Structure formats: structure tokens, C-alpha cells
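Okay, structure first, notes after.
Residue numbering begins at 1 within each chain, and the chains themselves are lettered A, B, C, D, E and F in the order written.
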Amino acid sequence: MPYVNIRVAGRLSREQKAEISRGVTEVISRVAGKPSNTILVFIDEVERENIAQGGRLLDEPQ
Amino acid sequence: MPYVNIRVAGRLSREQKAEISRGVTEVISRVAGKPSNTILVFIDEVERENIAQGGRLLDEPQ
Amino acid sequence: MPYVNIRVAGRLSREQKAEISRGVTEVISRVAGKPSNTILVFIDEVERENIAQGGRLLDEPQ
Amino acid sequence: MPYVNIRVAGRLSREQKAEISRGVTEVISRVAGKPSNTILVFIDEVERENIAQGGRLLDEPQ
Amino acid sequence: MPYVNIRVAGRLSREQKAEISRGVTEVISRVAGKPSNTILVFIDEVERENIAQGGRLLDEPQ
Amino acid sequence: MPYVNIRVAGRLSREQKAEISRGVTEVISRVAGKPSNTILVFIDEVERENIAQGGRLLDEPQ
């Protein structure tokens, strides 16, 4: 029943999402000893205009 | 002030969202003894390509 | 694979958690047409000192 | 490393997002004593049809 | 109905939580034009052993 | 700026948390092409009494 939420700036390709899900699930299953088929991963692709670091939106020129 | 976040794969109709919100609010209000008008529900409809179970994206052929 | 997160102020008894989980799972399963055994519920019991409404912590005298 | 998630109903302009991010980062940095460049803010703009208060979707006539 | 979740490493004093909640609520209310009494803030104080940056737990010697 | 939240039932050892953080960060950094030092991981250890699957709390006898 582990639940994983990954939030990234911008878009990922379908292949990237598949590979990240596979890799993250494998790590958690192996290290925490949880059956991999119980592990849920949700990937949120967030627009750069909706994320800030240091008080500046990611799409601002640095 | 209870906050509820429901994340589902794919889309729900407006009527499904209304009925889920109503039902979930009623259960929490009645059992936890919280006034129903203070209960907030957020529903996230997530693309199947962005959810994985057992390391496989939900839109992969099983 | 629906994921539900319920955040409440203060503590619930074990029986309240069981009844809320059962009720919320039943509503979502029935209305959204998801098998109930795939529905995950996480309940977060949050101290009143860590929640604010209207800019005031919940444990402040109103 | 503080992480902030702000969920609002409807859309904000880019300028509103920039100003909210700046202000929230400043408050947390100053009060909690965290370097502002380590503070991450994610803003989720959620459709009114996907939020309920008191068991009613926000887009319902009150 | 804005919902804000702030996750910080380690503990804050009650006064820090009160001041952060007040300041964050004020910023969001003023900039987004939401009545402040509808704004909910949840603060999560997370142990440094449960947060990693760059793949290293925060309590590791750098 | 990727943000990762991992929620597991029960406790993990410090070594398990370190290894999971390292592995998950490596996967996301490599596949998504994000600098690993920008990746934040938060691990939530949740009591089994606060998680339900299929409408039953995890600490119930199956």
C-alpha cells in the first residue's frame, strides 16, 4: 500500500513516466520489503508558471 | 475543517463528483461529528498514463 | 487505484477511523464504479495547533 | 527545504502567482528562519467543479 | 476555500506557526481576492530523518 | 525542483529511508534529466490504524 506522489516541472514523455514508475517501485519494494504490486505511483506534471523556488516562478528569466 | 483529497484515474461526470462529495461529506460529518459545511473536498482526475500500480502505467496492456 | 487522503483536526477513535474508511470506500466504489478493494484511504490526524482557519490557529480562543 | 502547496479554486493570473509565491516565501523565510532560495511553492489551480464545501460542488448555485 | 499545506523540517514554536499562518493567509487573501476566513492552512513538521535533498537525508553530516 | 512524497504503512529504519531516498532520487534524476541536488523527498510513516484498503483498516485481522 505504499503511495508515491512525484511532482515535476513540465512534461515527461510516456516512456519517461513508465521508466520512473518502474524504477521507483523497484527501489521501494526491494528496500522496504513491500510487494511491488501494492505500490501506487501518481505523477503530477506541473506547469513551470505554477512552481516557484526562492520566491520566483520557474518560468522567470533568472 | 476536515480536508479530503480524492484522486481517481480518468474522468468522472459532474454528477458523479457531486454524489461522491455529498456522500463522503455526510460520512465524515456524521462519524467524526464535524459540521458538514466545514468539510472541503478536492477531487483530482488523473490521466491513466500518470498512474502506475506495480511499476506499470495504468494504460499499459496488462 | 483511487487514493483518498482525509485530514482532520485532533484525534479519532479506532472505531471512527474504521467507520469512515468503510463509508468513504463504499461511496466511491458505488458511484465511480471502482472495485472497493483497490481503494486506499489515508487518515491524517493533525494537531489543532498545526491548522489555521482565517489566519488563526484552531487552538486559539475565538 | 520547506515545501508549500497552495490549492485554489479557479485560475490565477501569472502576476497573482508571482506575487503569492513571493509573499508566502518571504513570510516563511523570515519567521521560520529558512533561506528563501530553499523554499519550493507549488500552486494548483483546481476547477470549481472539482471542489466541494459542505457536500456541494462550488459551481452549484447556492 | 483555498487550502495551503506547508511542510517544514523540524519543529516550529507555536508562535512561529501562528505568525506563518497569519502572514500566508493575508498574502493569499489580498492577492487572490479570497475572503481570509475561508483559507485553511495545515502545517506539517517533519523529522529531518524523513526528508532528503539530493538523495541524502537532512540529518546526515554534509 | 521535483518533489517526491512517499507514504508507507508502519516504520522504516533510518538505513531504509536513506537507501530509498538515494535510489528514488537517482532514478528520477537519470530518467527525467533533473539535477539530483534539486530533488526533495519526504517520507511519511503512517500508522497501520490510519490506512485502509478495501474499506478495512490495515491493522484489522483479514
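The working rule: a contact is a pair of C-beta atoms (placed from the backbone, for glycine too) under 8 Å apart; a residue touches a chain by one contact, two chains touch by 3 or more.
Not measured: the values here are computed from a predicted model.
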Chains touching both chain B and chain C: A, E
Shared interface numbering between chain B and chain A [over half = same, under half = different]: different
Duplicate of the B-C contact set - from A-C, E-F or D-E, the pair where over half of the pairs recur: D-E
Centre distance in Å when chain A and chain F are each reduced to the mean of their C-alpha atoms: 11
Mean-CA-position distance for chain D and chain C (Å): 21
For chain E, residues contacting two or more additional chains: 1, 3, 7, 40, 42, 51, 53
Chains that touch, pairwise: A-B, A-C, A-D, A-F, B-C, B-D, B-E, C-E, C-F, D-E, D-F, E-F
Touching residues on chain A, where the partner in the complex is chain B: 14, 17-18, 21-22, 25-26, 29, 36-45
Parts of chain D lying in touch with chain B, wherever the complex brings them together: 7, 46, 49-57, 60
Chain D contact footprint on chain F (complex, rising order): 1, 3, 40, 42
Footprint of chain C on chain B - complex, ascending: 1-9, 12, 16, 19-20, 23-24, 27-28, 31-32, 34, 51, 53, 58
